[in-house]
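Each structure below is given as structure tokens.
Shared between the two complexes below is chain A, which has chain B as its partner in the first and chain C in the second.
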Partner chain A sequence: MSNRSRPLFGYRARFTLTCYALLAVQMTLLVVFVYVPVFWAFSKSFFKFEVGSESRFVGFANYAELLFRDPTTLPSLLHMLFLTAFAVCVRLSVPLVVAKLIHSLSREKSRYLFRLLFLVPVVVPGVAVQLIWYGMIYNDRGMLNELLRMAGLEEFVRGWLSDPSTALVAVAFVGFPWVGGFEVLIYYAGLSSIPESVTEAALLEGCTGIQKFFRIDIPMVMSQLKLILILTIIAGVQSFEGLFILTKGGPGFRTMVPGLWMYFNAFSFQRMGYACAIGVCLFFIILGLTVLNMRYFRSTTELEGRG
Partner chain B sequence: MIVAGSAWLLWPRAGGEFVTGMPAHRDNGAEARFVIKFVPGQQYMPGTTPYGLGEPLTGMAEVVRDFEARFPDTRVELITVPAVREYLVTQLSSGNAPDILMVNVEDVWVDMQKGWYVPLDPYLEAPNPFVREQGDPSLPGYDQWWDMFKYQAVSRGKAAPDNLNYCISFDMVETGIFYNKDIFREVGIEPPATWDDWLASMAKLKAAGYIPLLMNRDSFNDWTVDLVFDQLYYDILPGIDLVQDPVREAYLEGYLDWDELCFLFERGYFTEKDPRYTELWTHLYDLRQYCNQNLMGTDLAREFVTQKAAMLWMSTQFTYRLTGDRHLAFDWGVFYVPRFTAATSRFASNTDMCVIGGAGTQYEVSNSACSDTGDPATSERLKRVIALLQFLMVPENYARVVNEYPSMLPNVLGVPVLPVVQPFADILERRYTTTKWVYTFDLKFNDIQARMLELYLNDGIGHEEFMRLQVDNVRTATRNLVSRKPIDMSRLEARWKELAPLRAGMEGLPHE
Partner chain C sequence: MTGDRQRRVRDLALMLCIGSFGVLTLVPFAFTLNNSFRANYELDHAFFGFPENLTGLARAAVAAISGSDAVFSVETDTGELVEATGWDAAGRYWHAATKGYRVSWGSLRPYMINTFIVCGATTLGVVTLGSISAYILSRYRFFGSRLVFYFIIGTMMFPAALTLVPSFVVVRNLGLLNTYWAMVLPYIAGGQVFATFVFKGFFDGLPEELFESARIDGAGHFRIYLDIVLPLSKPVLSVVAIMNILGTWNNFLWPFIVNTDGRYHVIASGLYVLATTTFAQNYSSLFAAYMTASIPLLVLFTYATRPFVRGVTSGAFKA
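Our next item is the complex of A and B:
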């Protein structure tokens, strides 16, 4: 065979180069649309910067204001922690119980039907869910107040989202009964992947019912719990759109969270530099919580390895 | 391919703004040399039906069509844009804003140094060409466009702190108390003459099972604060009004501007030391006891038309909601907020409540209008944009737009006021408020005041705590303002000393 027809690179090398080329496109877009704005925000957090005006270097002044002088900082952090902790509690428990119940059904058709029914609400956009709660449930003439009126409990009728004593809890309760189809599916997949041998061994040892749920099922879906935990924490720290729709952080600052305060500073008050400083702090909060989670919350694989 | 497809989908197209309602323009199509994007506002947007009542609006579209017929090289797109500051800031900073915007001019003042808006003075001081072509020198607008405006002082009073005019005060608006005459008769009350009468009437309405008054948080934060402030401070204005504005004084009569407020704050006014300022908020709290439970409720009109509430504090536009509703089962009327008396407060000035309305629809020309040359002095495009506004203000065109349905008060001489909104025109004859707190300082000040007031009115914090937070808020706002726009303190200080003898005879001033 002649060497002349031999390609410069072998198949493997060409395949690898193609992968690199395709990755380069993705990386370029990622850099342009994600990394550059992130670094830009980081640099702008050291400036007093208003859209349409000259920016002025102020060093750590924005951070100092945020951490030591802004009276909104501490309450908004506490609200964020409360809402995130609440979300973690319900997302780690309710969907898991529902998934376990579905998984325990004997007929495959029933299991399929319930999985489907719990998944369907996922297609409703989050904004629509917030608007439904705002307009149909918490409204002055909404479902909750009308039910109270019908029950003769007029004294409990209130503006649930505008009453300082109820607003934060009302916000936390949005989405009740918190059976997110996504979480149910994740947990269901985890429960389905528990080896038959483990289940049988547990039964032989007399481990059934609640005992089996806590001693076998939960440790075996620890990877799924860890995933949901990380996602819930990130969402809890970052998200503000629900509060923007429901309360705009009010009454007063009773439902304000850092993400929403960042938005108001950036676009309503035009304090872009200060908003960037809030954004950078949120980034470090998420990073810290994720590292803690990765370090101290062991997944199923790690537990198996340890075992 | 995905990236290319996405880019194609996202690429801005000509006329790609969301357009509500019927197309205004004739088919000037591809030949159009000037494509003007105009945000007429929800009041006049063709194709919409205000409050879902009556036929869709056509007035603005008809006038625009006539304009396009006069200028075949021009196409006007009437568009709806989000009524939020976020949208404005991003569009204006990128030079992509519509040519004619509808924004409260006080929001423009915040950005006036950024070159986003075109000063309109050279055009307002020149003849309106569409009036001049009629050849009658006696017509308003023949010499100066300014002369066409009915409410001269209000319109000219909208000049920015740099004394330039960035807006056309297209029409006027005022607020009033809409009341259910049937409920008033049933409870045995009349429209009140004084604030105390009003509270007493509301107590009777509450006892009879009605919501006495419907209001929202923003009405408290904006209208009520200014009205009560005026009632408490009007008497001492001669001693504290330090600057008479040569341009705006005719309308503003002793108005306290931002620099005066900053100066007075340094003298202890608007702090815990100022008994008037401390008292102001208690009157709001008293009023709140007779209002709807949820101040953030969005459907106040429903409670009023279903007769669950006896009064609704609303602006002129609501007239159409009532006149246009064939199913309305009660008589209604309008009265204005009654005055304080000595029984209400020892600081009551005993003068009629001032007005807080004024210019309603306010049109500004953005920097996009001179995008052809980048220079207002040489831009042909800008001239065409201005021509559209001048054409709109010709009385026969104007009446087709503003009087298409009873909503706003005309601000062009020779255009009649529709009878049903006449009560608001009468209210607008009163003098203007002493100051507009929400338009004086930055947007953060407004936001925090509104939030703290909401908490206070809903018993989330007490009066003392509210005062502490509010004084902090004023302090921060005045400092921010002074750092952006240095004040000529020596001038204010000199005037302050001149007025000292006057203040010596006044009661309840902060210790100087």
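Our next item is the complex of A and C:
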């Protein structure tokens, strides 16, 4: 009985152990499905490596090939840059304008209903949206071509995604007019949080309409703009699901982006090591852009803190 | 009075502006819905048009109500024409119009069930694990607790592009390809990070007096978590859960990669498979599949919009 009264560890140690026991599941999942893949991404990028067969150390050969010898590298980077810049432009402007228009309505009920209206397309699976644009709008007998035929503009009729001169722009225009329901909600939240006093002061100074939008509203929603900017850049650099569905990088390599090239290398050509090297490069691009973003764009909270 | 009138004119102008954005946004979806009721030959004949079977349905319904005994010839599933009158004709027209939905449902149903299983398990795991870790990290200081927090939050630094290929290798080496686990476990691993972050922010803001009075009343750690913290954090829980469901629901690439034999496809990857194989040339079934696939989230949103809008609008989302 006497040795039961003395616990093996002190209370503090037992408490700490209990905490770790409760955190164990989460930590294990993170190690297995995040940290191990991250470690492998870096280490396997130095190997020539096929799934199911042995891997061979090749040093920086994968990186050298990617940076200097692969003819797709430069075009894919430029396509990625164009698509990302385009997405940034439309996502920072259109939803903000729509949110401002909704915010300017005088009745609370109509403001709520219009916010809901733009949330409706969110229920359609993202893949279905891409497939609708692929099959119903850009198709040879799709909406765009049928509209052109009806207007008598037969010479403009084309396979928008298969014509090398239009493919990239057609990809960028998917989702027109780019009024994302979430973005509207987030910008709307920013506009609603502008204090009444600021609006009144602006009014007294005779600052209204367009001027107020640029001088008051945009600086006051800067933190929301910054959030959407970061998210859009990260998505633009790494995501390629849309391109996979729409064009598979074609025609030729006209819409190839690094992420898609990584996918093909890994899952079509069985060049896992090379794919890992592309992934590592994408990681550093995203890291660099995020750091730049945090450096040079101050959010409103920081501005308030300084003021 | 003039001020009131001016405001109404201004509102009307604003609504026209917003409305035109709304119409442009919804046009593709409206056309998908419309064309899901139209057979291929109708599309070939005229791209823009109302479904023949639905106009037939309307005419038959009018005839039935007005008591006329006009005879309609309606196509059956096998393609032959049947003569019918009144409500019988209307029913047959409806049956013919919704053919695409019936055809596509057979292929869609397993995908739907898989999605429910994957989404449900993922969301449950994310909310449970996320809230427990956030509670521990927010309320207790112990040896290495800050380190653990950075260990969890640090994973946000790694983009999906970096881990996509090696994650596949991990899942393959664990022998999880073509199972639900291949989707559920990585989703939980990734999703709980954001959940922990959001929950911890919320728990940190709960007043200390709350926990003190609960302790004085004799509640243990687990009781406090279950009976006080969880009920209080319902709004945050629902936002995290909805964000998670949306992310899981829309993830196309990962299920597409890890279901090498195609048995456990979810809606997202399944729709792609249907669009490129089975229904590549059968537009009404394909469009019907898109529409059917949108119903679950539509139901979710009709019940959860209010807390969701409130959650997003509360200002939790800024950088």
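Some observations on this one:
The working rule: the second predicted complex is superposed on the first by the 283 of 307 C-alpha atoms of A that agree within 3 Å, B and C clash if a C-alpha of one lies under 4 Å from a C-alpha of the other, contacts with A are read in each partner's own complex, and residues count from 1 in each chain.
Everything below uses one rule, namely that a residue touches a chain if its C-beta (ideal position, glycine included) is under 8 Å from a C-beta of that chain, and two chains touch if they have at least 3 such contacts.
Bear in mind the structure is a predicted one, so any value in this text is a computation, not a measurement.
With both structures placed on the common chain, the touch criterion links A:224 to chain C but leaves chain B unconnected. More residues of chain A lie in touch with C than with the remaining chain of the pair chain B and chain C. Of the two partner chains, chain B is the only one touched by A:164; chain C is not. Within the superposed three-chain model, A:29 lies in touch with chain B and with chain C [touch as defined at top]. In the superposed model, A:250 makes contact with chain B only, not with chain C.
Of the two partner chains, neither chain B nor chain C is touched by A:233. After overlaying the two complexes on the shared chain, residue contacts for A:268 are found with chain B alone; chain C is out of touch.
In the superposition on chain A, A:58 makes contact with neither chain B nor chain C. Residues 25, 29, 51, 141, 267 of chain A lie in contact with chain B in one complex and with chain C in the other.
Across the complex, chain A meets chain B through its residues 25, 29, 51-53, 139-141, 157-159, 161-165, 247, 249-254, 264, 267-271. Of all residues in chain C, only 7, 10-11, 14-15, 17-18, 21-22, 24-26, 28-29, 31-32, 35, 43-44, 47-48, 129-130, 132-133, 136, 140, 142-145, 148, 151-152, 155, 157-170, 172, 174, 185-186, 188-190, 192-193, 196, 246, 249-250, 252-253, 257, 267-269, 271-272, 275, 283, 286-287, 290, 293-294, 297-298, 300-301, 305, 309, 312-315, 317-319 touch chain A in the complex they form. Looking at the complex, you find that chain B touches chain A at residues 3, 85-86, 89-90, 92-93, 110-111, 113-114, 116, 292-297, 299, 302-303, 442-444, 447, 451-452, 454-455, 458-461. Touching chain C in their complex are the following residues of chain A: 15-16, 19, 22-23, 25-27, 29-30, 32-38, 40-41, 44, 51, 94, 98, 101-102, 104-107, 110, 112, 114-129, 131-133, 135-137, 141-143, 146, 150, 176-177, 179, 182, 185-186, 188-190, 192-193, 223-224, 226-227, 230, 234, 237-239, 241, 244-245, 259, 262-263, 266-267, 272, 275-276, 279-280, 282-283, 286-287, 299-301.
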